[in-house]
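Shown next, in structure tokens, is the structure this report addresses.
The letters A, B and C name the chains in turn, as written, and every chain counts its residues from 1.
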Amino acid sequence: MSDRDDILQRLRAAPRGKAPLLPDVSAFHAALAAGMPASTPAARRTLFCEKMAFWHGEVVRVTHDSWPEKLRELCLAKGVRSLLCGERHAVALRGAGIEGLKTYDRPLEEWKAELFQNIEAGLTSTRGGIAETGTLIIWPDASEPRLLSLVPPIHFALLDARQIYDNLFTAMSEQGWSAGMPTNALLVSGPSKTADIQVTLAYGAHGPKELIVLLLVDEEELA
Amino acid sequence: MNTQALRFVPASEFKERAAAAVADEHLRHSFRGAMDFLIGKRAAQFPDPVALEQQRALAEHIRKYSLARLPDLLEQLERKLTENGIQVHWAADPEQANRIIIDIARRHSTRLMVKGKSMVSEEIELNHAMADAGMEALESDMGEYIVQLDGEKPSHIIMPAIHKTKQEIARLFAERVPGAGYTESVDELIGIGRAVLREKFMSADIGLSGVNFAVAETGTLCLVENEGNGRMCTTVPDVHIAITGIEKVVEKLEHVPPLFGLLTRSATGQAITTYFNMISGPRRPGEKDGPREMHLVLVDNGRTQAYSDEQLRSTLQCIRCGACMNHCPVYTRIGGHAYGTTYPGPIGEIISPHMLGLAATHVLPTASSLCGACGEVCPVRIPIPDLLIRLRGEAQHDERPGHFPMLGQGAAKSRVIDAIWAGWAALYTRPALYRAFGWLATRFRALTPPMQSGWTVSRTPLKPAGQTLHERMAARKRP
Amino acid sequence: MDDTGGRRYPAKPARVYLFGTCLIDLFCPEAGMDAVRLLEREGIEVDFPPDQTCCGQPAHSSGFPDQTRAVALAQLRLFPEPWPVVVPSGSCAGMMRHHYPKVFADDPALLAEAQALAERVFELSEFLLEVARVRFSDQGPPARVALHTSCAARREMGTQVHARALLDQLPAVEVAMHGHESECCGFGGTFSLKHPAISSAMAGDKVEALKETGAETFLSADCGCMLNLNHTLQKRGESLQGQHLASFLWQRTGGQGGRR
């Protein structure tokens, strides 16, 4: 008998006992929400920013029109000489005149060493944010590959302030994740870190040392 | 670089190692400090005990529900993963799991495998098997990297190098990492590890990872981490092999958030980890990175034995947060290495007997005062003290009718101990005899032996009172 | 199921049973007598069934279910009247209240009896506070004490809440918190015999924490913990000693005249 059949047979031979009903996660969250003040976009944004700051993530407010320019300023201020982006934002960023702009337009194998050694920052889009935990939702794809948010020491992430959800459960249900997941989906809460040496926190363990969220807000909110 | 892999030491020598550990002031001090830190961090995450109980109830429900449907969910998971392009393998025991992984590694002419944190890979002693097969398996989680560099095993499932001070790590790096100078700066030490391991991520042929949750409905493998090494291992090399115990499957994606939320809060007192990595397939055409080939190895290694008993099945509810060890007064005093098993502390005491058999592990379930701290903090409400008692029983008796025998059933059976308990029960079920015993013990209290086994190691001998409560109460009736 | 909150309490009864426990019977009978005195002072008659021996916990926690069952069965029917059963030990009370129903789970008739008994089992401090509703009047000089609550008392019976509330009725008594207060003292029944090195380390840390409070005495509602700590302290030549909560309460409230 194969190991597979053997394992399944042993499991099926076990006493069944009482079968629990399907857990109602939705009702649990509804009950939680009922006991809290109504969720508003402003409250979610405030909470998101507070939690992201707790994770050592920086939040910079930008507008839909001005963010490439702001990113240019940030790169200058941080001394970033090479910024990696996906094809999605390449045109806008080129328009802003960012120096050392590179597009992730080749398979990894063709430029692995360069990616690891010569790229100082990466920019990704996000699918939204999570207020409760200060978390970015990132779904890498053909335009913005997986390593764009991991290998460069600085990670810039563009987040639409209107797409901040209360918690992970509401984010995944409202965005319908269970209907189909991408090959890789990520939640990112701050820069990479470790406390493995004497429970002392250190940032930049293997991934980015800095995470800067470009929070897209309306013109009037910026003022 | 020390990549030699170690085999686990026998659990049967637990008592000797525990005695050595409690005598080690430095070890005691560092574990106490670290555990206090983690206990405080966890407590801060759960300010409202009522809300915590509701979350624990939901998490327990999800785990029980998933386990009740385990064979169906495993088949559903296999189907979805296969559809997603992930190859699924099943391994009944460590040998088979290692064989599967080594076969894949050989097919890709592997020289170097980089590993994200995986306790199941420790359980099957994969590093050792890889070394035997002439291939290098390198740990990339900072804590795991440190203990591997020093030729050790993890002493905690979440914080593998928690037994080491930064000075020890500074010396270790200066000695073993080419080009590294001596520094006690934690940032600089992490920087050294980062530089070494980034080179390895680039050159590795295979990345190996564990799995925190496997979602059957979408065919998704979820990984929880702070460092980013897990993402490196599952993204940079051409081949990704994930390995997990068969119990880690849940039915729906929506079952993940309640478990994930309790896992990180219980483990390190974090509301969330830096990364939550959900992988549902290898690189698709057009995508520019990610592994081209993906495998999942589902490991039994004694889990079906725990599953085959309704009470012991709750062992498999575990989501490996480590809170039980952080709160365990025994673990705090002896550290993880004394147990000699992959999983130390209370969870190790209840799961190791299924993996290694009671013959090798029967002492472990006795290494608890049954204080109940573990069960109190367990986020999925595993009744750990009840399971410890059950395993003590199984180790000392033949299997009961209607129950499957455990591996090593009755291994701790002893005629002497049986006789003691038979005598005890005879005494305590015969009130007149019991009262006579009390009378004698109090009248002849001067004859109480001065050496009382383990008791008098650090205590003065017990001595009965002058008169029993029975006598005094009886005397009151006849004024 | 635990008693850290939510248990409904009956009205104060005229009579109760006392389950004295085997450790108190042999090693600390005075604590048992003080429990009786405290109850009687409240006008409650105490019945001590002479056939009682041990709750069965030692065999239970050692993994000897048959012997547990036999000894538990020998206690099960000693309390036929519907009176409360008061136990001056959190861990024995926990055994009878929470584990007896599991011990007899496979026999519906015995299970029903075990459940009915479990409903009537009260740890002493819980009973004094919530059922007898005592109001103590403090008769002693200012005192600083520490309180060690056994693990079963804490996690199964909520004793630290009840014991503290009782001590709070004594204005001149200051209850000092000690480090790692909720941690086990290392007794654990046969654990202290099987794993002396670990058990001793735990007991050693506990007595250090108790000493650090500067308390003149420490109190416990469990004889097992108290013996463990007192004999550890004696071996170390320390003057600090623990006292059963019942004895402290009795002495502190002036004995027979202490009822307000």
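As a working rule, contacts are C-beta pairs under 8 Å (C-beta built on N, C-alpha and C of every residue); 3 or more make two chains touch, one makes a residue touch a chain.
Computed from a prediction, not measured in an experiment: that's the story for all the values here.
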item	value
Chains in simultaneous contact with subunit A and subunit B	none
Farthest chain relative to subunit C (centres taken as mean CA coordinates)	A
Centroid distance [mean C-alpha coordinates] between subunit C and subunit B, Å	33
Distance from the mean Cα position of subunit C to that of subunit A, given in whole angstrom	53
Interface residues, subunit C side, partner subunit B - complex	18, 20, 22, 24-30, 32-33, 36, 48, 50-54, 56, 58-67, 70-71, 73-74, 102, 151-152, 155-156, 182-184, 186-205, 227-228, 231-232, 234-235
Parts of subunit B lying in touch with subunit A, wherever the complex brings them together	34, 37-38, 54, 58, 61-62, 64-65, 68-71, 74-75, 84, 90-92, 96, 140-143, 146, 159-162, 164-166, 169, 186-187, 189-191, 193-194, 197-198, 201-202, 217-220, 226-229, 231-232, 235-236, 246, 252-258, 260-261, 268, 271-284, 286-290, 298, 300, 304, 307-310, 313
Residues of subunit A touching subunit B in the complex	2-4, 6-8, 10-17, 19-23, 25-26, 28, 51, 55, 104-108, 112-113, 116, 132-135, 140-142, 145-147, 150, 167-169, 172-173, 177-178, 180-200, 202, 204-208
Partner subunit C, residues of subunit B touching it in the complex	15, 18-19, 22-23, 28, 329-330, 333-334, 365-373, 375-376, 386, 389-397, 421-422, 424-425, 427-429, 431, 434-435, 438, 441-442, 453-465, 467-474
